[in-house]
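Going by the order they are written in, the chains are A, B, C, D, E, F, G and H; count residues from 1 in each one.
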Amino acid sequence: MGAVSLIVLVIAAVVFSAGGILAGRLFVKGSTNPQKGQPYECGIPTASSPWQQFHVGYYLFALLFLVFDVELVFLYPWAVVVKEIGIIALVEILFFIFILFIGFLYAHKQGALKWI
Amino acid sequence: MIEKPIQETFPGQVHNMPGGTAVTGKFQDIINWARANSLWPLTFATSCCGIEMMAVASSKYDFSRFGFEVARATPRQADVIIIAGTIVNKMGPVLKRLYDQMADPKYVIAMGACAISGGPFFYNTYSVVKGADHIIPVDVYIPGCPPRPEALLHALLTLQEKIKSGLTREQIRNELKGT
Amino acid sequence: MSVKEYIQNVYNGVTSLLKGMRKTGYYFFHPKEIITQQYPDNRSTLQLAERFRGEVVMPHDASNEHACTGCTACELACPNGTIKIITRFDTTPEGKKKKALDTFIYHLELCTMCNLCVEACPTDAIKMAQNFEHSVFDRSKLTKKLNQPGSKIREGVE
Amino acid sequence: MFSLEHITNEVQNWLSSNFSSGWVLVWECLIVIVLTTGLFAVLGLVLVLMERKVAAQIQIRLGPNRVGPRGMLQTVADTLKLVMKEGLTPDLADKFLFNLAPFLVMMVAMLLLAPIAFARGFQLWDINIGVLYISAVSSLSVIGILMAGWASNNKYSLLGAMRSGAQIVSYELSAGMAVLSIVVLSGSLQITEIIQSQQNGWWLFKGHIPAVIAFVVFIIAVTAETNRAPFDLAEAESELTAGFHTEYSGMKFALFFLAEYINIFIVCAIGATLFLGGWMPLHIGSWGGFNHLMDYIPSSIWFLGKTFLLIFLIMWFRWTFPRLRVDQLLALEWKYLLPISMLNLLLVTLIAILGWHF
Amino acid sequence: MHNEAIKDFITGVATSAIFDESGEWLTVQAEPAAWKAMATALRQSQFVFDYLFCLTCIDWKTHLTMVYHLSSTVYRHTIVIKANLDRSHPVIDTVSDIWRTADFHEREVFELFGVVFSGHPDLRKLILPDDFEGFPLRKDFEDPINMIKL
Amino acid sequence: MNISVILFYVIAVCILGAGLLAVTARQLFRSAIWLLFSLVGIAALYFWMQVEFIAAVQIIVYVGGIVVLIIFSIFLTEQSGAKMPSPPIKRKLPALLAVLFGILFTARLISQYFTSAADDHSFQASMQAIGRQMLSTTDFGFLLPFEAISFLLLAAMIGCIVIAMKPSQADIVSPQNAGE
Amino acid sequence: MYTETAIISDNTLAGPEGELVINVGPQHPATHGVLHLVITLQGETVKKIEPHLGYIHRSIEKMCESLSYRQFIYVTSRMDYLSSHINNLGCAICVEKSMQIEVPQRAKVIRVLMSELTRIASHELWLGAMAMDLGAFTPFFYAFREREMINEIMEDSCGARLTMNYMVPGGVMYDIHPQFREKTKAFVKQFKQKVVEYDDLVTNNIIFQNRMKGVGILSKEDAISFGCTGPVARGSGLSCDTRKIFPYEVYADVDFDEVLETGCDSFARYMVRVREMHQSIRIIEQLIDNIPEGDFQAKTKAVLKPPKGEFYQRVETARGEFGVYIVSEGGTTPYRIKFRSPGFSNLSALDHMARGSKIGDLMATMGTLDLVIPDIDR
Amino acid sequence: MNTVPLSHILFLSTALFFIGMYGLFTRRNMITMLMAIELMLNSVNINFVAFNKYLYPGKLDGLFFALFIITIAAAEAAVAIAIIINLYRTHRSIDVDDATDMKY
């Protein structure tokens, strides 16, 4: 089946969700009023848009994640063969992880891991 | 305005729900059944009655038996507002906005004397709304100060009955006038 | 943070969490701890405290008589105007005009169950009842007339 | 012995004997669509009900018991109601993305079903990179949440989405590390091979302490990844009302809700597969009789039993612990879980290389 | 109680103060203008009046009276200080820089009685809606729409 | 035409359509979402080509990492909701011409040189093979680049932290002049 | 009547880098009612908190000016409804003081017993709500189990579960219920058994401790300056228990400790409340078997008319020092009543306490302040 | 079963490359430009994988190149965004035209 099954699953998801939403659309008539479309903020009218600048702290987490994510990607092929290659593979990966760990410690020291 | 015509019937009786007058199909019945059995309240409590509302959620009374326990903090996902407590003039617009922002169908229960009419704060106060139904339509009134938890459960059951009957507020009012 | 402290931290954290889970787990596996009372089903067996104040009622005896003289003491005692008493003048058999209760209006939607009216009543004509199932669809239903139609004052009450 | 494998084979045979090969594919697709949507619906209903019952039991109350027999129909009523509720779209929202987000979340949940082995030989696609596929696809779900949070044009939503964005991506790392330890032990990424490698015992028991540590890390990480308490900061009720789905109502909200539960099921299924041997019955060393007895229990029961055990564990967490603060949450990941799981991975490797596991 | 010592001290700071000991506590009638100096002195004196536990106002129809209840967390003695204000232009110095609790209390008195506290950092409405008119706790406050008289 | 071929063209259309939308969408956030779909499409293409490993890496790194990073950076720049102006015609037209020319030129080259290469060998890229080659130290091994990657990542990480953190420390001291 | 009034909140638009102004409340699960906070955030860090009150301002002080001295007491149970007995008690004592009514000893003991039960009930509810603020739902249910027992006791004797109106000038409204003693003892027994559960579930939980310790610091000086009272001030080491300092009723005769913690943080405030429950139990145990016989109510006139003058009475509610200030002109109704509510002062310290912490901390800090909004707005 | 000729895959990658190029030319916003670059890198990746699969099915070098390109793209994106953020702070804009007077 391979990739076809993925397509089938996507179709299933779409059918499922769309079916539900459409059923609701068909049978429910909502009332309209000017407040309904306003953003909810505990019952107080919103004054400013949420689409404004956020803090840089979020970026740092995404960045760290990205780096370690890439590392993780390289670990997968390593993991499947480590048993047959043996101790050399362990040494190789130790080196790899060690280098990244330095970066991690650096980030820690710089305070990048403090949440904002 | 409190000088309402006095009904001849004595209170404390259970109102007989008119059944079968409104023509509803089987499908509508099923939907009404679902709606009646899945009333998610908005977490909305302004004062003392809110504590009794919490008591209803607590283990001893446990409104989760009816499927009411999914209290939603956002009006978008809630089905019923239980106005538990006094509504003052400053709160009025907020309540209205919350009600407006709820997705249809939506129901309102006025819990306690304050929400029904201002209760203890009816006279001589400059800031209390004399009844939440001045702001939003109310489906079920439950008097008391505060109503005991069983009374709130009773109100919820009454609301369920109403939903199952499929009648609108106006129809109910007319029915009541007829009796 | 030394390595030892680090491990100590982890250990303490995990044990405290496990303790909490043991507690909740205990309740999960002991359903007899459940204290829920099933309200609408237990209605017939539900024991309310005898002093519980659910609403003001005016007891009538078998011959449809009550003890209210229409003295309006309760109306004055009530802090929020819940009671309205309309009196009329009856003529007693001796031909004297006597003030008597015509309508005892009770706004349940305003009442705060504070018991001040009952305390104030000189003839114990009203009392608090335990009834609490008052939910209605329309609030005009909550305004009540406590004296029954055709009722009159019990003999001997002054 | 009763097994789902027979049924699938039977269906396959029957189809191919009656139709041409092209049609067989179409029919199979249809069957899969129907089955998966059905599975979705049923899983959602059961899990939500289970959650409410578990919560009730822990909280010394009864929980839903009045709708249908013993409250069984409670979630059915809820679902029907949600379907029949108006789906709002805020005026100022990015309407396209707002409506797209629940679809995306659902698709991700659905795609994750593909490599899960529900029973012996009952698997949609035994992809050769099994667990890697799962890590990959599950990392998509964060996009759905970010999209929902951004498109709602609501401050709570956006804050909730940002939080869960940072949270989900962070915990993906230690979840990945925990998964890797099993990959190291079994030497394969493929789900069937991983299950086969546990023929004579589950990795949780075979892999000594490091495997247990990996298991604990995995459970913690997936709890966080699925935004469950105590890591439910994305929808922290007392802080951000409802988090990223504040503005969603009706069916669109139901889809998020459903996807959340399906995700729980999936991660627990993965956990059960990796650490508890999937559908493998419990075998203990050389106890022939005992092992034989265990074999009589159908493999699907084994699988579901293990999965639901883990699900129960996660629910148990939820109803016991308070929520972490957002910086503590990230500190937990970056200062504790990640270093621990890295070290643990190296330990596991050592064990695997030296062949110390059973 | 060393009321005498306190009296002596206060007379030293504000000569115009009038004392009254008929109530539970020593009551001092102060001039609004002298109040701020007196408050500062009381706070820093050896009596350590560091705790302002009640701040309110009374409308006597002819004038307004500010009432400050001061006490000491060290010696536990209490004094009451009153200052009469003109009803049409009630102005008094703020003490929110001496006792920070006065910040909110003064805002409350400001909106309920209309007393202006000069020097208050943030004298805005706290409780009433922003567009509320009138000072509800004054005796002549009328609100025919909202207030139903019994 | 069998299903696999149809699938290819569907995927191709998805990639190109989403890619086109990504570079023309007027809202930054939508642009990122279209980019995401384009990248997912490319991952699907890899799946279709049966190089599952690369497909998974594509999703993990690109979709799970880079796009998230881009989305976060969009949030950081206050313009996420604003519509960008559509590029002026004087920039659009030359770009369009250049691109069209490029496409035609390359297409011509491709059709000249790669006409025959339609194969159906079964190509297998098993994880074991990839892992072995990655860790091998022989001439064909990729151990060196593999280790070099760690340095690259280290450098990127430190660089980013240095660049992104510095001013933020400055404005902790004096929040007023952050805007300058 | 209700009029549509716009709420003009002075939200400023985008400030410096990464600042976001966000409304929390009036309808928000964490504000326990209708407190409205306008919070300025930078990232997740709180830069400024501006409380907006009045969403439950019911003008009780104005109302009381037209109620008689018997009537106005019932309104006060609606202010701090979790300490309604103690509120009523404060008013009753104040009226008694003005009229020089001598309250029978029995009534005094009953009053103290009821007050302490109320205090436990209030702290139980606070514990549950506080845990809920931190995201733990289950302690709420356990705490309510005990609270329900108290409610039952109350209902037996006072006739209501929450707003009892039991204290009247001159004593209490009814005599205690015959089963009062038994039930209270049963409660004390169960409480002692179950309270260790809270320790396992909440107090010793590592997540809980991490979220509470070092959060929401309020130094002793600040506590004094902000006029904080009750557990909030005692968590900062400020001794301010009215029951000890200015004993009323029979508090002078019973043996109990004033609970003081010096941590100044949220955890200290938490511990104060938990330990206070034990102290209350101690008081109850001392008194429950020693309720003197006698009248439960002094003979009073039907219409109360205190002489001209000013009267102030403070009592210790579960939240701190509650003051009643009655200005009497000699009439049947008070000329002016001022209620000094503990929450009002405690709330004013919130901005000071929570600045610079995370949103989650803000909620935890707010939880330990134990705000009852109608008490603050009055 | 696989009958799509290599040239079609190459057409796809060419088109994608030039779409990226178009974005790079027309957009002035640095983040979108970054996205355009990512698209171009991806088209190259497609080529590597396709060549490997079609022309050298016995080898894996194309895959490794693709893998390393992805990695490098990640590093590049991270650094680029760090620079963009920094630039945004000093100029309140992420437009390249505004950044021409960048002095550090």
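The definition used in the following text is that a residue touches a chain if its C-beta (ideal position, glycine included) is under 8 Å from a C-beta of that chain, and two chains touch if they have at least 3 such contacts.
What you see is a predicted model; the values in this text were computed from it and never measured.
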Shortest chain-hopping distance from subunit A out to subunit D: 1
Pair joined by more contacting C-beta pairs (C-D or B-D): B-D
For subunit F paired with subunit G, centre-to-centre distance based on mean C-alpha positions, whole Å: 59
Centre-of-Cα separation between subunit H and subunit E, whole angstrom: 71
Centre-to-centre distance between subunit F and subunit C (centres being mean Cα positions), rounded to whole Å: 69
Distance from the mean Cα position of subunit B to that of subunit A, given in whole angstrom: 41
Junction residues of subunit C, two or more chains touched: 17, 20, 23-24, 34-36, 38, 52, 79-81, 112-114
Touching two or more other chains - residues of subunit B: 31, 58-60, 62, 65, 73-76, 89-90, 94, 96, 98, 103-105, 120-128, 130, 145, 148
Multi-chain contact sites of subunit G, meaning residues that touch two or more partners: 1, 3, 5-7, 14, 17-18, 20, 22, 26-29, 42, 44, 54, 57, 59, 62, 66-67, 74-75, 138, 141, 145, 148, 163, 201, 205, 207, 358
Subunit B residues touching subunit E - in the complex, by the definition given at the top: 89-90, 122-128, 130
Touch list for subunit A against partner subunit G, complex: 41-48, 50, 52-58, 115-116
Subunit E-touching residues of subunit G, taken from the complex the two chains share: 1, 3, 5-8, 51-54, 57, 59, 61-62, 66, 222, 224-229, 238-240, 245, 309-312, 314, 321, 323, 325, 327, 335-336, 338, 340, 344-345, 347-349, 352, 377
List of subunit B residues in touch with subunit A within their complex: 31, 74-76, 94-98, 100-101, 103-105
Touch list for subunit C against partner subunit D, complex: 10, 17, 20-21, 23-25, 27-28, 31, 33-36, 38
